[in-house]
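One structure coming up, written as structure tokens, with questions to follow.
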Amino acid sequence: MDYQLFEIWTAMPTLWPAVYGLLLLLFVPALREDRQWLWGFAVAGMVLTIVVPSYMLYHIGSYGDYRETAGMLGMEMVRADRLSLSLDILFGVAGLLALLLMPVYLDRARAYRPEVYPLTFLSVAGMTIMVGTDNLMMIFLGLEVLSISLYVMCGIARETPTGIEAALKYFLLGAFSTGFLVYGVALLYGATGSLDLEGIASAVALGAPGLAPYGDGMLLAGMALVIVAFAFKIGAVPFHFWTPDVYQGAPTPVTAFMAAGTKAAAFGVLLRLLHTGLSSSIDVSSRWILALSVLAAATMIIGNVMALVQDRVKRLLAFSSVAHAGYLLLGLLAPLDVGVANVVFYLTVYTFMTIGAFAVVSVFQDAGHDADHISHFSGLWSRHPVLAVTMAVFLLSLTGIPPMGGFTCKYVIFLSALRAGHPLLALIMGIAAVIGAYYYLRVLVAMFFKPPEQELSAEIVVPSPTRVVLAVSVVATVLLGILPSYVLEPLSRISASLAMLP
Amino acid sequence: MDALLTPACCVALAAITAVEAKLYIAGIVALVSGLVVVMHRNSVIGALFLVLNLLSVAVMFALLDAYFMAVLQVLIYAGAIVVLIIFVLMLLNVGREPRGGPGLGVRLMALLLGLAMVFALVRAVRSFTPGSEDGGVLTEGYGTVSQLGEALFNQYFYPFEVVSLALVAAMAGAVLLAKRYLED
Amino acid sequence: MLPYLLLIPLAPLLGFVLVGVLGASGLLTDRWVHRIAVAASLAALVFSCAAVWEFSSGLDHLVPLAEEDPGRFLVQPDEGDSPARFSVTYAPWIPLGDTLLRGWSSTGERTASLTVGWTLSFDALTAIMLLVVAGVGTLIHVYSIGYMAGDPGYSRFFAYMNLFMAMMLTLVLGGNILVMFIGWEGVGLCSFLLISYYYDQVFDRESGLTCADAGRKAFITNRIGDMAFVLGGLLLLITFGTFDFYAISDAIDGSSEFWYASLLLTGVGLLLFIGATGKSAQIPLYVWLPDAMAGPTPVSALIHAATMVTAGVYMLARMSSLFWHAPGAMLVVAVVGCLTAVFAATMGMAQYDIKKALAYSTVSQLGYMFLGAGVGAFVAAIFHLVTHAFFKACLFLGSGSVILRAGHSNDMRLYGGLKKWMPVTYATFLISTLAIAGFPLMSGFMSKDEILARSLFSTRGHTLLWLFGTFGAVMTSFYMFRAVYMTFHGENRSPEWVRHQLKESPRVMTGVLAVLAAGALFVGFLGVPEGVSKLVGLGNVNWFEHQLHPVVAARGVVAAASHGEHGGQAGVDTHEDPAADSAYASALTADEATGHGEPQALEIDVIREGLVAHPTLGQEWALFGVGLGVFLAGLGLASWAYGNNMRRAAAMAGSLGFVRRLLHRKWFVDELYDKLVIGPFKALCRGADAIDRTVVDGAVNLAGILTEISGQVIKLFQTGVVRHYAVWLLAGTVLVLWIVMG
Amino acid sequence: MGVVIAALTKVLLVALVLPLAVSIMTWVERRGSGIIQMRLGPNRVGPFGVLQPVADGIQFFFKEDIVSPFVHKPTYLMAPAVAMMAAFIAFAVIPFGGTLTLTSGQQVKLVIADFDAGVLFLLAASSVGVYGVIMAGWSSNNKYAQLGGLRSSSQMISYELSFGLAVIAVAVLAGSLRPIAIVEAQAASWWYVVYMPVGALVLLISGFAETNRLPFDLPEAESELVAGYHTEYSSMKFALFFMAEYINMITSAALLVTLYLGGYSVPAFVSSSLGLEGNWLTFAQLIVFVLKVSFFMWLFVWVRWTLPRFRFDQLLQIGWKALIPLGFLNVIWAAVLVWLGWV
Amino acid sequence: MSEATTFCLIVSAVLFGIGTLGVLPRRSAITILMSIEIMLNAGNLALIAVSRVLPGQGGLGLVDGHVFVLFVLAIAAAEAAVGLAIVLALYRLKRSTDIEVLRLLRW
């Protein structure tokens, strides 16, 4: 690939899903009834959404570790580096797996709404925008593209009270947190005179004797509010309240996509924002580290304790995702060169195992509703052994049992927490993991030991797209646990590429 | 009579020459109207006061030399968003909120937390000390359409396109969620 | 064969997949299920034997590969102090990055680029464990064919058993902490799955707990230990920059730095030990093991007696280098092991459930192993592990045989006189009882007395430890014979319908019992203690020690003098090894040559042999006598109390005049015994049991309940009302603002 | 000081002229409808009924001012004021002539506010104007009124977009949003209606909708909603609404003229051949402007009495499915024009 | 201009607080939406106020803040559209926009 060409390619990871999504949106009315075709187009497009950043990531080493472009006139607004490209691949994977789950959902739902396909593309585009930039404005816009698409996707089951309730809750609280983000960005902008992370970083570095050139308090307050906004997106305690309700109410494919994708995107932004924008002064970085430590501790504990008392698997997985956000926050606290690869790796594994788990849940549907009560899972071993084993793999991985991926990623995070000098948090993580084992086991027990409930003895049919999802997720979860170094090794080069221009 | 009184007030307001004084008045109007928005039990009244709030903020924009943004604020907020809100309010006829809000404890807690946050934020913004503000002169063409257009179509071209993405998503979504399908 | 070590765990794993998937889909008949499962287990055994054979026939043909590819195949040749050992890295696993260790170790900068690999390693310790695990495992697979026949979850059972084998073999073969941890967690998982096998049956009428509860309890308790294990492993990584067992051992042994006093090593040792207490059911984490008896009996035999629960001991032996250099940790190990041995024995005496009695016995025997490890007798501990695997497996399987025929009842009060119907079971059970109770020259005697002797004579031992241990041995003998008497002697107390169908178990079960009993009889001769062999004038014929000693003995050079201990030790008659003596001498001269004068830098190879003071012949005889006495005391007490078919027989015989008077007196004596001896003792045991139930068990349950309750309370905040969520959001914002802005 | 006086003068002038124009318009409307419907129309008060507006004014002043007890009073009272205010404010950016040179040498632009984003300001003001209708409709507490308000707001949202698109196309061509600049740009080339007839059409139709004129007078459709949002209004309050509507019409027409029809500009060949310059030219411009606006005012009347009213869904269909796409095409067309250098 | 800027910033902070608190006591989803608009508005005000006095090229005033405000406006419109659509769907189902009826998903 030619160097110049490569520079033009920089915006491709975003442009591709965006343009494809818009085109798809155009063709939805025409192809409405050709369900298979429409879905096929969507899947094909999403595959390319994975291919584009993969191709770039493969080549990026030849051209330095990152490229920037505005798509226009050479102003730095889009940034393609190892972090963004790795995460872009992840978003594509999450989108693809979700797309594979969707047709079954749409067939079973009361109304067929294929608009959800282009919306998936748009939200993937939003994610890529978020992580592929150095500019707070772009981060905000990407987040909003993502959020708006997701609000709608949550609400596509608008005939069901739970679906619309989930959408409204997600919307109200999400918009609320957007308010915090806007105000936080405004304060950061005021304190440093820049919306650019690079500018903020240099302002913070040169801010002596204070922290920022135009107002220390403003910088800190802005930082706090931005952290709050993203803590909301990742579902950190006490900003997590929406998570269980929305995860439960939203259509399962959307939940899977949301759980994996949004979290990855928000963490990608946090990595960039905190580690490159707000780390150039130890006074500043120590403060957000403290704040995130508190959040991480609370998140790990509350997430796990709450998951303990859930009877619905989707809700349980929602709280488990809260708990995992806590572990991920722990990875965030480590210095850049230690933590980044671990966080991204964790996100990778988490994407597969959580989407896999939700995919299993999505099999349990009756009359358009998710039949996800824990009792629906009882006796799964005798009803559908392969499905039971598959779910077991995901649950064990989520628990952190070696050699599943969940163990490996938890382990590296644990290690980085120790490395970063947070033994207490590491200890809390250990305790939290012990609690976590308990509720995952409940599902396992139900699946393997309890007899199937009589009224549920209808045969479980796993549609073939869902099978693909399950197969991919299982293989990835296990392989990432057994041979993670093939992923971790390349990821460890991210930190170098995150460094700012001199 | 009041029909004539209001323009008179506006004229009076316009006649105040000191920018600061106008700012203070607009700011206080904004705060009071904002308070009414959140306190009033009738959503339609709230929405109307939201318009007032937006207008006064727009006035503040204008006083801060951001004329174009002031116009856009009115155009987009008052002209589109709030009209939409009122439209829905009237369509559903849900103006009046049902009685019975949160308990006193929740109210009190929320109030305390809110005050704490406002306190912190006020403390934060008071720390704002831009370097050479008094000595400096305003950039030529500050706040004009051309300056903003220049920025939009050069430096911020890409985000500008992204906004359109958000709008398309919102449009498709709104149609998807609110349109009454034939099969319904 | 050696590079293909991987096949050993893979064979049963394949079996698991086949049996699990095909069996659950209903494609396999029961016959094929057990054929595949046993074949898989047998394959592991065959591969193990091949590996051991090749290992013992010398490693000369295995040349280390080139430097640039060190991971593929690395052999440490047997030279000097180092044991014969090698490891194979099949693939990289977790890269830890270049900078991870910077500034962390006490030695300053370390920037080793690390990748934890999929490493399997092999040495004498591994070999022994492999043979035990694969051997006993295969036997129990065979036994299960008979025991589980007709069970609705036949394929599930065998799938889990195969998975367990794979995991246990991984644990044993693992060349670094992480690979071992996979096995460690995996066996825990299998244990959980198998304990919960009869998920919905109530196994404990008092508390109404189901088997699933028991399984969960086991798993959670284990997880607590596992976390300590992980922490310990991480500390090791941070200290030594590697997870590799051999590398860690070499680092500890070969370091000229002063590890001896390092608090860090003690800390690591303690953490690892806590991990071991979880897996090996030591105080305070033993609570799960008695409940684990909820699983099928072959499971109890394999997992909860012979193999998995000994993983802790194995791990301690694997980390022996570390423990040698952490005397504080060793002391804790010894004390906890000793206390567990005694405490569990007291509880074992009050049980009527035969499996629970055996379970407490297991806990107690594990305590002995830890006692051995704690006083430095790692060889003896492993030896006891091996012998215990045989006789305890045999005991459990024997009890299984009884349970199967006695109407699936575990209650010994409903047994009695079974030797008439089940002669093979009786014979094997008795042999194993003799072995565990310490009948001279049987396997249990050899290993247990070795441990007790070491606990007395080792410089890290103590008379108190020995006293307690001996006391526990008396109780061991007592409760085992009590079980024998209650089960096999006297008159049958079973319900009528059971008595009609009493008969010997099928051949497939009794055959296994016989093999295991033979093992219990003869395995002991592999490791005849030095003292015993001296008594009969054979010299040191301890094959076991010869093989194992290089692996677990303390090596390396210890700066002795700064610990007054070694000064004293040098005076003790410790050495028979001229090489060591000369080393001592040369070290001494070297020291004088450098002119330090004082033994401050006196480096001396004392630990290798020195920590065990060798007793005199008289002391050996005395110990032998004590051992025999212990056995007899237990036997006597048991036969006195239980040898006469208990009360009910007396009452039945009471209608006869003359006999009645006799029996009345007998009964009176019994009563007296009950009042004076058994009463208080039972009270003690009940007290111990109550403490177990309320305090220790309670603490574990309480933690669970508290978590659950707090979950229920926090749940109330999840009101579903957006406004409340917003309040929390606001509260969080204020919190973050407050933290950030100070 | 002179600036202030000039500004106040302009304000007063406009404030006086606009109501005057409204009163003329009411007469024109009636007579025009009469002509179209082949009848006479008002012909009793003064010659040809020219004094009819005066009579109407007197009538409005002396009618009883009824305030229903069920209305939401503050809002009810504010509504006409808002409508009126917005109508006046919107006109502030319309240039109705070139530059007047006073004897003192002071240059006075014949526009109240020469504002950088003037066209947008007009849009903004007109979007505020809809609140008068909405407030009236809602506060009347009457279903007809409320429906009127509802219709008004949805109509507003729908047509604001095409309105804006038509404006943007002009901005693309002129390179400015300042009305004077747009007029000057047209004076330099041809009127933009020549380049973009579609844009002019879109703006015209949107203007009809924005001013609630037939065929888009859904908010006050007599046949369906009695009198729509101002059902409950009488006397002067009604008069204010009435005036606001007509002022809006004037503004709308003026905007169309300014954006697409060269505004006040007098073609160069005309002015040079007539030798117009200085203040004379300015007067000529003023006259040209008034003539152009008058034409469109007549058009408003003409259309009103010619076309039937649309159904509400048709109205929205036209807005979303015809005018907005056309508006977009027009913008693209404008871009193409600029790109090709034809303007 | 210093006091004026500070005043604007304080107004924006208080307005932000008002908007935040508005989310709390109200039951109508639409009122909550309006409160959120106030919050965004406060952010806009702060942006405009600081843009005016931040040093840019050739004098005071940075245009970045204005651009951001523009985008916030657009996003606010998009959010309002989606939010109102969701409210409409809710109303169709429950005949209410009261958030207290949203209680299916809890605990």
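As written, the chains take the letters A, B, C, D and E, and residue 1 is the first residue of each chain.
FYI, a contact is a pair of C-beta atoms (placed from the backbone, for glycine too) under 8 Å apart; a residue touches a chain by one contact, two chains touch by 3 or more.
If you're wondering where the values come from, they're calculated on a predicted model, not measured in any experiment.
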Chain-contact steps, minimal, separating chain E from chain A: 1
Touching chain C and also chain E, the following chains: A, B
Farthest chain relative to chain E (centres taken as mean CA coordinates): C
Per Cα centroids, the chain farthest from chain B: C
Most central chain, judged by mean C-alpha position against the global CA mean: A
Between A-B and A-C, the pair joined by more C-beta contacts: A-C
Averaged-CA centre spacing for the pair chain C and chain B, given as whole angstrom: 71
Gap in Å, rounded to a whole number, between the CA centres of chain E and chain D: 33
Inter-chain centre distance, chain B versus chain D - centres from mean C-alpha coordinates, in Å: 27
Separation of mean Cα positions, chain E and chain B [Å, integer]: 7
Junction residues of chain E - those touching two or more other chains: 9, 12, 16, 19-20, 23-27, 29, 32-33, 44, 46, 49-51, 54-55, 64, 67, 71, 75, 78-79, 82, 85-87, 89, 99-100, 102, 104-106
Where chain C touches two or more other chains, by residue: 715, 718, 720, 722-724, 726-727, 730-731, 733, 737, 741
Chains touching one another, given as label pairs in label order: A-B, A-C, A-E, B-C, B-D, B-E, C-E
Contacting residues of chain B [partner chain C, same complex]: 102, 106, 109-110, 113-114, 116-117, 120-121, 123-124
Chain E-touching residues of chain A, taken from the complex the two chains share: 137, 140-141, 144, 148, 151-152, 155, 158-159, 161-162, 164-169, 171-172, 175-176, 178-180, 182-183, 185-187, 189-190, 193-195, 214, 244-246, 248-249
Chain C contact footprint on chain A (complex, rising order): 168-169, 172-173, 176-177, 180, 217, 220-221, 223-225, 227-228, 231-232, 237-239, 241-242, 244-245, 287-288, 290-291, 294-295, 302, 305-306, 308-309, 337-338, 341, 381-382, 385-386, 388-389, 396, 401-403, 407-408, 411-412, 414-415, 418-419, 426-427, 430-431, 433-435, 437-438, 441, 445, 448-451, 482-485, 488-489, 492
Complex contacts: residues of chain A adjacent to chain B: 11, 18, 22, 25, 70-73, 75, 77-78, 111, 113, 115, 118-119, 122-123, 125-126, 129, 135, 137-138, 141-142, 144-145, 148-149, 151-152, 155-156, 158-159, 167, 183, 187, 190-191, 193, 213-218, 220-222
Residues on chain E engaged by chain A in the complex (per definition of touch): 9, 12, 16, 19-20, 23, 29, 32-33, 36, 39-40, 42-44, 46-47, 49-51, 54-55, 62, 64-65, 67-68, 71-72, 75, 78-79, 82-83, 85-87, 89-90, 92-94, 99, 102, 104-106
